[in-house]
Amino acid sequence: MQGTIRTVISVDLTKCARSQHVLHNRLHPELLPVASVHPGEVFRVECVDCMGGQIANNDSAEDVLNVDLSQVHYVSGPIQVEGAEPGDYLEVEILEIQPLQGHEWGYSGIFDVKNGGSFLYDYFPRAAKAIWDIEGIYASSRHIPGVRLAGLIHPGILGTAPSQEMLHKWNHREAEPLAKDADKITALAYLPDEKGSFLGALENNPAAASKIATEAARSLPPRENGGNCDTKNLSRGSRVWLPVYVPGAKLSVGDLHFSQGGGEIAVMYLKNCAYH
Amino acid sequence: MQGTIRTVISVDLTKCARSQHVLHNRLHPELLPVASVHPGEVFRVECVDCMGGQIANNDSAEDVLNVDLSQVHYVSGPIQVEGAEPGDYLEVEILEIQPLQGHEWGYSGIFDVKNGGSFLYDYFPRAAKAIWDIEGIYASSRHIPGVRLAGLIHPGILGTAPSQEMLHKWNHREAEPLAKDADKITALAYLPDEKGSFLGALENNPAAASKIATEAARSLPPRENGGNCDTKNLSRGSRVWLPVYVPGAKLSVGDLHFSQGGGEIAVMYLKNCAYH
Amino acid sequence: MQGTIRTVISVDLTKCARSQHVLHNRLHPELLPVASVHPGEVFRVECVDCMGGQIANNDSAEDVLNVDLSQVHYVSGPIQVEGAEPGDYLEVEILEIQPLQGHEWGYSGIFDVKNGGSFLYDYFPRAAKAIWDIEGIYASSRHIPGVRLAGLIHPGILGTAPSQEMLHKWNHREAEPLAKDADKITALAYLPDEKGSFLGALENNPAAASKIATEAARSLPPRENGGNCDTKNLSRGSRVWLPVYVPGAKLSVGDLHFSQGGGEIAVMYLKNCAYH
Amino acid sequence: MQGTIRTVISVDLTKCARSQHVLHNRLHPELLPVASVHPGEVFRVECVDCMGGQIANNDSAEDVLNVDLSQVHYVSGPIQVEGAEPGDYLEVEILEIQPLQGHEWGYSGIFDVKNGGSFLYDYFPRAAKAIWDIEGIYASSRHIPGVRLAGLIHPGILGTAPSQEMLHKWNHREAEPLAKDADKITALAYLPDEKGSFLGALENNPAAASKIATEAARSLPPRENGGNCDTKNLSRGSRVWLPVYVPGAKLSVGDLHFSQGGGEIAVMYLKNCAYH
């Protein structure tokens, strides 16, 4: 209907992320599309936070301390783009991003040096958390009184699916530095790992899911397909051109941030967000 | 609940504006508050378009030609601000404005020279209408192909209630120029008029409503209380200080625009909008 | 030299506009280029105000009352763009616009109903003027105390030269409405007029200048070539594509505004401005 | 004169920073004011880059490798604010910031792990440099082809002078963590150091300069007085309130950046900039 924007992916924030097949947390060409859009269509996607609900709106950092990082990042998709073919570029324009009504909150956290860590781990080794109330363009936190931030809501992750060849290239390319960084707290990539993997609708087929989990790329590094760019400059009003590696492009989006500095010294996630 | 923004006024876009007592289209100190907020509270208000649904999402300008202008502007409120007293200033900050989900459209129109008219009536005398689909920060219209506008959504009207004295001053002050402009197409103000008047919850008391309608100010001119400022610079991120003339301030808001030029040569209204 | 932006047109604000051959106030294919740039070059252009210095930084509106409107708009150029050919599109990006150092002021004025007039001439018939001090992103006026405006500095005029055919089309097309509007205060176009014409370097050849002045288009309406668009949305950060009608494109720019509403009900000009 | 903004501090980019007494690189209550402004005055300040010209517009990172970090940050001032007294707050509004005409370039660099280093020193240990041409709101670099950045020009440093008590507090407070971090590449503060110190007009009195250099604070950490905030959110349009600790406030400003991420992983400096 004219005057209505179609919601192509809906999430239920009262349910476990791992029960919602419109989500996934690995990159692989064989993921099953959960929605389909026309070229030129304006559509709406709902997302959960990158941790899939592991972090609660409370006053304890226990959840950050014990967060299962093997599960990041739960993103929404893949979305099939009709007619997109390998070799094309997919033009994606972000027209608006807002928190889901009734869930206007997010969190910032410092990972514990024993579980994730940060670039400043020697200064801030312990897990910490602040809950932020999203008040339109601003956020304030009961844990950091006197501060109000103006943010630029943005998806940390926006990317197409890799082809099998591209996936192979990534896994091969990242093995070397990972080997070298194995004992570094600040390692920035991880090889495929079945643990924590969630592959959306493929989970209906445990054998296939298990096989694909052993080769699907982790979502941490940004790569040729876009991915975890984590920049507030990729916000509403932005247009990006993403290479298409598989038929239908298989676009995924998620890891919404209320705002973010340039160095991700600390991170603030939006728990859930609509995007179109 | 933390992480949830309270909606203090809800509207139903499938119902007639005149059946919804959270709306009104005249200014008067005795209007009955329909909601109450604390100082410092972040809240959400839903609005209808200024015409109260008279303009439809279709391809004919008949509705603009025949629009009942005595009914403008349907705004939401009044909202009681706890503790606000005459002599205070009410600080209002606009944190976000968005179209109501499922109703992402608006219209621009040219009033017919026989019903409203415009500053350029000698160049554009006939009623015209364009429907705009609101696509996040942009709007496009099937009636004006090839054009996409980036807008600054804003409430045309944001104001407190006048005191009886202030109301008297307005009605007296505007009588003279109105007399002089009586035959002008471009007259910018109108004196109180029972015709078309809608006074919200007061309508339950027809005798009171009728009396008040004969003295309540029309909403067209901006005045000491704020009111119909119609500027896109009063948008999200804006903070204004409005004088308080009656206990509780009785704040009203509405007449949402997707965007607007500086001279209101033509007008684009957002059919309905949330505001907080 | 790297790290230096080339100034391709300089003006002298202490001299009469009509003595500076880098300026002109009519549109014609045979105007002589006063500068040349490479495709892709970042360059700087200095401009005078559209009235060519007729309006002074003082407290009297005499100059507005008596302003010679046949002289508008003095713009800088034409600039030859190497390699540009008819049929091309010239991509122009505005990278920065600032007032010339030491001349940080502008004016807003209301033309008298007897000399120019305005859309609101029946409300504001008399000449008026306010001088504004440009203070970075803000302007304030000693003539309008208590007001400070944030502006979007922009060139009112940015356009390429017409071909002879295009020029003929304009003059023919505008004759009809002009005939109809002849007695209207709000006429928006004028036919070629030798009076007030200034054709830059062509003025060295009075015979040629005289002939060309009788056919050169006035600068008031925006046309196919860009021209007097008068929109603050065409500001720094904007990129426009202008059609090329003559070899070298012959780009002209000027009529700098500190800001402007959407309807040019009143106008504020920047006296002088650098542009690149 | 109306329409002219007064330049209260001028620099000469062809001369050595250490020969210009309008500059200094340490914080101390006894620094000599080099300019004076009225409350409410709009003024203009010229600045050099934080390194005082040590980094050249060329293609070698030798200068970054060997840069004398004991000389940072050369800032302009102090500026005496008439009537400002300890206990006041100084309201400073940034109205515009632009590179000095003819010097539209800056640099970004990675300090060598042997001289300064960075948070990512284990990934990027070697000195590196890129020269950026400032092209209005954008910068591009011949050393990083294909990239163009939109920046938010801002002063890294904007602060008032400390009182003797405040200075003592800083030096005492920072001694402990400095002792602990002594061997860390990522140490963020340094105690007073005569080496590299430059105290502006006090340099005319070598004995006084020498004494003051032994107690004047280094400029690296932001402190109660403002100082090295290094945030692009403190840009044109920003207003800050800085506490006044000494009569006249003694405002200093400098360390202009074309832009900056949130973590200063890498840094881009603007060589020189005007500010008002």
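Each chain carries a letter (A, B, C and D) given by its place in the written order, and its residues are counted from 1.
Everything that follows uses one rule, which is that contacts are C-beta pairs under 8 Å (C-beta built on N, C-alpha and C of every residue); 3 or more make two chains touch, one makes a residue touch a chain.
Bear in mind the structure is a predicted one, so any value in this text is a computation, not a measurement.
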Legend entry - Steps in the shortest chain-to-chain touch route ending at chain D and beginning at chain B: 2
Inset, instruction - State the chain with the largest centre-to-centre distance from chain B, centres being mean CA positions. - result: D
Legend entry - Averaged-CA centre spacing for the pair chain C and chain A, given as whole angstrom: 49
Inset, instruction - Please report how many Å separate the Cα centroid of chain C from that of chain D, as a whole number. - result: 40
Inset, instruction - For chain A and chain D, let me know how many angstrom lie between their CA-based centres, rounded off. - result: 38
Legend entry - Two or more partner chains touched - positions in chain C: none
Legend entry - chain D partner contacts - residues on chain C that touch it in the complex: 2-5, 42, 57, 94-96, 98, 101-105, 131, 133, 135-138, 142, 150, 236-237, 271, 276
Inset, instruction - Can you check the complex and tell me which residues of chain B touch chain C? - result: 119-120, 122, 184, 186, 260-265
